[in-house]
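Order of writing sets the labels: A, B, C and D. Residues in every chain begin at 1.
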């Protein structure tokens, strides 16, 4: 299914997420795919980016003379500082997450369950070295956790699943899943399909093992 | 016994405590009598004063034009700032106490028990309004807790007791008691009399209900 | 991020009867007197107030208590030489007191802002303030389990804000401001000065703007207030 | 209060085999490379190291691991594109890993410095990292009980110290420095500049000097280090 030509590419997906971030929100973008969302945020909306390593008001990636070894993001890439930024230590930075002070975080995922469980930090394979970083804190700390991922893995398995088979990052923490083929909202009623790209509701119900609610006509 | 003419007066007692504060110590002086210790600390020894309301490096009381409503001590008296001072919020200030980062605190007391229990915050009388402030945190947080008090209450009862009858501030937290009539060290062996003012060891043993060890000849 | 208001009355709008309100300050230092006065004018009653003290003299928190708006106060040090407004209500049985050791008060407020569900503190162990609470020995030391204190509103006084709500404080007036700002659903801050975004050094900001909802500038404190301090 | 030393070697003297050493930094930002190099030269082994990562490239913590001095590492994010020194030791079974979610790592270090015996955190609940740990539901939310992480030594990099040991940091190099400084018996800090007492604004000090035991000035980082960052 990942080969469907009309699915969104990574930049279009990032633009879609960026459009759904309300003006003035405080947002943390996880490393990898979610980082791309920043390219599509309109500075005029006043969205502020938080980075786990102790900064609110992070600007774009630094280049050339801007590069400062003391100013990096969670992915350890040199970044810049915007007016209104502030710095704080790690305990304060994670208190912001855990205390529910971030409006949105956007994370990548291996799997998301029908009840919003997230698996994104460890394959569970014995030969892989586990590394969790701030993923567990972000997943459950932000007011809303958005996931960005392809709907299907390379071997064709749906990544929205009845129950995660990968080791969990957090329980019942994901509220939205943005994929190349559709956007899924997870709430108390279940998994609602908000919109689809390149396939219809009946097709997605066939491909995903989770009961879906059709929200595409709202 | 409090009428013994040769007992130390309050200033002499404060000077005695000040002499026992090692150079470079971080010290918190409780409100009331302990505040007087600061008058006897030699600035050359580099002792730094901590005040619970968010400051390290507190200077003497402010007078005249120095008075700044934003700069007060724990007793809400205007004070001054010494070079090398720093400010911090209340959670950080009490983390310094609880985490064992103060070398010495000096507190007043109603009673101290033979095992170092402290009672200094509440008479327990129903008509009195209780107020604890930072006393419980200070008593158990500092590396050493010194008490300054008269050895006898106004009604003649010894204030070093087998077991406190007043409500406790902290358990087994006092290591030294400085009184007008003598200095008492509380350690695992018991209560050692370090020195006496105006009465001898036999006399103090008669007057205090706690077994005492004679340390006056060391 | 904060919205800037023109008057204290607008800044405290929406505080309902029965609300829990944290009020910054240690004695008068850092006490948001003008916000409290606006709260009194606003008429809210049956409040639970969290503050280190229970009012000094006749202004600010003392006046809120005198007016009978406070049903319950959570504090460490109510009894002071100038706490006559509280003393009268307390002796008349018209105000409920939850006495909390000052460090536990600060840490419980911090825990609320930091998403900690409960914590074991050594402070208060073996004292009347730990009665009925869960205790545990950990590595040979005795601890009491304490829970977070949250609020609907925090009223805080800071020195300077930028237009986003980033805050810096001044000297010992900082006290409870930073932790209360993080522990309330809505944080209202009075400042002496508001500067443009970028006007505060990012290294020096004490309260980042994500903790601040409303900011209002008030005139510098009147000398009268300092005079009232004991 | 701190003593000022002339060389990193003197500053790290006394770190014994088997010691627990916290090392500041997030990746290379704030990593006290010169102190770690002095630790390597000092010869201590069988160390337990607490750091967010497990070394980057070939310098600093990576070199300490490569030299076989680290028996056990407590960190949140060991696996990185440039963590080859750690990866090799780990796959060879020559280093023990305690993996801790980053916020729990920070809060456990903070708890050690703040005298908290244990705390209930929501982070990690229901995941493999909470296996075997005490859990509790409080007000409808699930928590895991976590304990403090203490150390014999903390090695920290700051920007400027005064002669008492008061510290300020620079940008995101602040990260773990302030909380590690408070959690160790002996805190050793390398700085780019030392100023006289009174040379730092009391409002801007991030780590008060009572947390700092030893300070040493090192030359500003070499550009090579920045070049090694991935």
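The criterion applied here is as follows: a residue touches a chain if its C-beta (ideal position, glycine included) is under 8 Å from a C-beta of that chain, and two chains touch if they have at least 3 such contacts.
Just so you know, these numbers come straight off a predicted model, no measurement behind them.
Touching subunit A and subunit B at once are the following chains: C, D. Chain pairs A-C and B-C differ in how many C-beta pairs are in contact, and the one with more is B-C. Chain centres here are Cα averages; for subunit B and subunit D they lie 36 Å apart.
With each centre defined as the average position of its C-alpha atoms, the distance from subunit C to subunit D rounds to 34 Å.
Computed from the mean C-alpha positions, the centre of subunit B lies at a distance of 29 Å from the centre of subunit C.
Multi-chain contact residues of subunit A (touching two or more other chains) are listed as 81, 87-88, 91, 95, 97-98, 141.
For subunit C, the set of residues that touch two or more other chains comprises 107, 110, 114-116, 121-122, 169-171, 202-203. The list of touching chain pairs reads A-C, A-D, B-C, B-D, C-D. Partner subunit A is touched in their complex by these residues of subunit C: 1, 110, 112-116, 162, 164, 166, 182, 197-198, 202-203, 205, 208-211.
Contacts from subunit D toward subunit C in the complex involve residues 107, 111, 114-122, 136, 138-139, 141, 143, 147, 168-171, 202-204.
By the touch criterion given at the top, residues 24, 26, 46, 48, 50, 56-57, 81, 83-88, 91, 95-102, 141 of subunit A touch subunit C in their complex. By the touch criterion stated above, subunit B contacts subunit C in their complex at residues 51-55, 67-73, 76, 78, 81, 87-91, 93-95, 97-98, 117, 122, 128-137, 140-141, 167-171.
Subunit C contributes residues 26-30, 52, 56, 76-80, 87, 90-91, 97, 99-107, 109-110, 121-129, 142, 169-179, 206, 221, 225-226, 229-230 to its touches with subunit B in the complex.
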